[in-house]
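Each chain carries a letter (A, B, C and D) given by its place in the written order, and its residues are counted from 1.
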């Protein structure tokens, strides 16, 4: 039996993002770099077209063993060398010609990011869509406004949900603004620019130790995790036994109290999202890189970047599930307000405005 | 004698940013909110034009005492109440009408940010300009490429400096993309939208507990600190006694070794920049805010935001000083390369490309 | 009017700890080092007894200006040089003989820490004492157990409060176990050991770049902040309008809703405590220091250490105030349980056991 | 082929610690809790001795599938339920009687920690031993003192290595002082105390939401990572091409520059150690837990705790390898000092003192 994975993956690996940053996904991205490099060099007349196609033909992750690549990573401090070695065993052609490990690993990081952003942004927007539907449906449903956890004037549940929707949208948009560029600089970053045919931008310079790409991405992932966490926190508070204004469809019991109806999806979203800030800090701290290749800071990026995607993606997926089929108890909300006829006109108008702005 | 300030301010408060986030600057921003609110309400016919102007007339920080406002902050957990109280003592008019503390404090935060971003971005671009001049001047100056702190193929000092320039520009641009909106939601965020005449955006909804604005700003400041730190780290490494390729103009001695020529500006830049990631983490963690006003998370934002601006701004100012008049020893660089005629053509071409892209 | 301090100090500077890490406190600690050094050197026959006493006589912070020292800090990147200069202007004697800036600043840091730990630990134990009294008083008061914010079996409020008490005690004890040693190594840490007569330990070696002292202290402060935050979080949740089981004596209104009874002390405690983890991360990251004196990492310690003390101390002081006079609504607790006769025997027995263990 | 693991494990999973926090290790620890619980209940007459032994007999991780347990974790938000379910399928006896999920998971966390601390502390002490041998051997070897990365008075390499040794020892000792207690509180923490026969302490109260244990452990792991990072940073700096005073035995080339002699072990140690501070921050932030079981904060602990052990353990293992067989170029050190006869007596005496203090 496979015993290497974590017993916690059920909580921390939810939805479609984790697969995009798995060992296999990284390996495929490393191979995609090598294929794109060979083809670009063929176009430039540096290697032959036949060689390039021969290389590209073996750039399929299914042919290689992640564990072997990983073991090889220990030899030079990153997995690119082991990938090149495996390719060279598979094909007799000039693999990785003129490139450096960091070209492969950095480009792979950006490819992995690009691919992981698709389901991540989709889950953020998907959660926003459900929140927006709740906002529309409960445009006028009065709910107690709560400031500093104390009862305040009424608002509407629609406005609360509209706020979640706009924030989730904003986080997805902000992620969409992050630059993702391939890397191709050679040993010390002086390689003549060559266009790689990958779904990534070109940068004006090799960015081996210029890590703003990574920093921007880290910050934007942290913001996304925060927006997910805010909605999830509200759901857990609204679901409190003393409040009982929402109930998770998914909600499950516990080992000792099977009758309980715990908002497991929102709780899991929080459990994932709360890990983001520390990982962002690690990635920002790692921006201070020495000369043409950092001795340690670069090596400290791969795991937090992978984990930040996994956790932010899982948080978004959990939130989407939590919102999907969330049982809203409008009667209870009304009762908790305690007024007979709360004035919800301004809140409702804001809901309209918010939904129009999407 | 004034004994309250830190003995370390000489290191941590450099350049023009710290003044933009000082107690006085925050107080003025809080007052600017109250003035803008009164005028907007006058335009909407909610208060009289005379009252609005009477209010605006006393919204000058010089009239009030930061220490008194600060002491008052303890009473309700934020300084807005004390500001309102001070204003009401100064003018008999409907101050802060319909607004909530968080409207004032959040708007003030955004105003302070807007104002602090001007010198910050200017110092980032200013440092980039000097780096770009170094890049141009040393377009062809060969320098040892150093990967993992080991000698590798040569590059040029121009390319190194061009990388610093582009990163600093990028950080300034990214900071320019962050949304900064005023806040006006009233007690629970349902206030009918009213346009405040401040140099800030309007947001579709009050964002009392929707903190993506703050998170985006935090992330972008963290990136800026990282780009400054990278250049400063390189300078300290190039200035090593064993390398001696650059020397800071400012460089000073120590209490025990007055003859030393320490790169104090670059070191101070690092000392400031290295504090950024932890503060970013605090601000991202604070995004998980409850309901309509958070009980604690909001209150944990003001200091890290202020400090993050102070430190990132000081780091940028120190770096600008470090670069300004940096003594570059091209002969020594050449000698350290160890080749008679290193080929620097590709590096030089990349410098041209980089400088054109600015 | 003094305009330099923060408008937020009312929230962030509570109780007696902040004064122990103020600019004046640091300055006095720097001076205490110089006095202790001179006297130790007099004992060792290195300087004359008269000179030592002449130096010690002017080592009084009231004689100097923090702002001037701070400005001087910019020259060599730390304040020790400015202190030495000021002393040399005040007395004609061999000040700072053989020592290095870092000897002064590190020793001052440990002195400041030692002095700040007194009120901090006192406030932690003081808060624990009040919690213990609540535990005793409410040993049998049934309260709804709440897991994942959902109602579960009953417990007693006494057991809840006993848990707070034990954690606060434990945090204070853990802080008491941290080593605090003076520093005296000279320019590169090779100075012959000389016993300084300060209330600090001797370490086997100069620890200029061996920062476990600082790291241990940082971790322990982070734990203290966390234990304060836990109790404060519970109080804010118990004070919710839907729960109303406790009410802060201090509780105040807001600018827009003066009738509200917000648990301002607990909220402020949270606002302070939530800033600790990021600062701890900064201090731990700064442990990676180069050779005999770090170029940046050392310089990044002083502010986070000062702030971590200020915020942890303020959090503890706020919590102590929150607990002091906390109004406990035992009837409401009982009613919220919803059983006629909940069995609280096991919880009550645990309270006894916990209180005995103090 | 197994494709789920990371391609970076070669770097991030070094030495013997990672196996102690693997999925299998966690599963075994969860099972150890259930076995110990059943036996304790047998001793107390709550379950029969036969049942207890029947339960204990199936508490072997090899009988179960980590992936299945992990998938089950998604149902209630933690893996304990799935473990109980698997056990109940294996044996007809009162498994997990009276306990709650958190009892199992928290006790497992402490068991895993206890077991991981053995090789971790051993590698810290082991690295310290090698450093101490270097210190002894190079007690008198002069080396340039370097402050702020600038040449200063000479010291000896022995003193540098002695500093590493003492710090590593101290970190191991500090880890040894952390309390590790089992958890047994039942649904809301009111269970009558029952002694579990595990190699863990008893705590005076169930500590479901009293997380100082976890916080202390996190801080101490962060300190350990920092002490490893300091030594590794020095090694990378001493190995610089311009300094060449040490060379790693392991050192390897790169994909583009096979001739290079990169200090891969020290670099990998840094790559691991630099990730620690952010994870510590996450664990400290998670200390603020609600009521009797936290909704999210608890769930955010398991991964950072596991990763913090993995990375700190790998860092220590890498450093031990780096130090083991480190080639020290005493001639070069002497030459870099530049004096004919540097006075190293004081440094050498400090080495003696340091080694005696071990």
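By our rule, contacts are C-beta pairs under 8 Å (C-beta built on N, C-alpha and C of every residue); 3 or more make two chains touch, one makes a residue touch a chain.
Quick caveat: nothing in here was measured; it's all calculated off a predicted structure.
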Legend entry - Contact-richer chain pair (by C-beta pairs counted) among A-C and C-D: C-D
Legend entry - Centroid comparison with chain A (C-alpha atoms), farthest chain: C
Legend entry - Where chain C and chain D are represented by their mean Cα positions, the distance between them in whole Å: 27
Legend entry - Chain centre separation in whole Å, for chain C relative to chain A (CA means): 36
Legend entry - Sequence positions of chain B contacting 2 or more other chains: 77, 100, 146-149, 152-153, 187, 229, 232-233, 236-237, 254, 257, 262-263, 267, 270, 273-274, 277-278, 280-282, 285, 295
Legend entry - chain A to chain D touching residues, read off their complex: 1-12, 14, 22-24, 26-27, 30, 61-62, 64-67, 69-82, 84, 96, 98-101, 104, 186-187, 229, 232-233, 236, 252-257, 262-264, 266-275, 277-282, 285-286, 295-300, 302-304, 306-307, 311
Inset, instruction - Please name which positions on chain B make contact with chain D in the complex. - result: 144, 146-153, 236-237, 239-243, 254, 257, 260-263, 267, 277-278, 281, 285, 336
Legend entry - chain C residues touching chain D - in the complex, by the definition given at the top: 77, 100, 145-149, 152-155, 159-160, 162-163, 166-167, 170-171, 174, 177, 187-193, 204-207, 209-212, 215-216, 218-220, 222-223, 225-227, 229-230, 232-234, 237, 270, 273-274, 276-278, 280-282, 284-285, 287-295, 346-347, 349-350, 353-354, 357
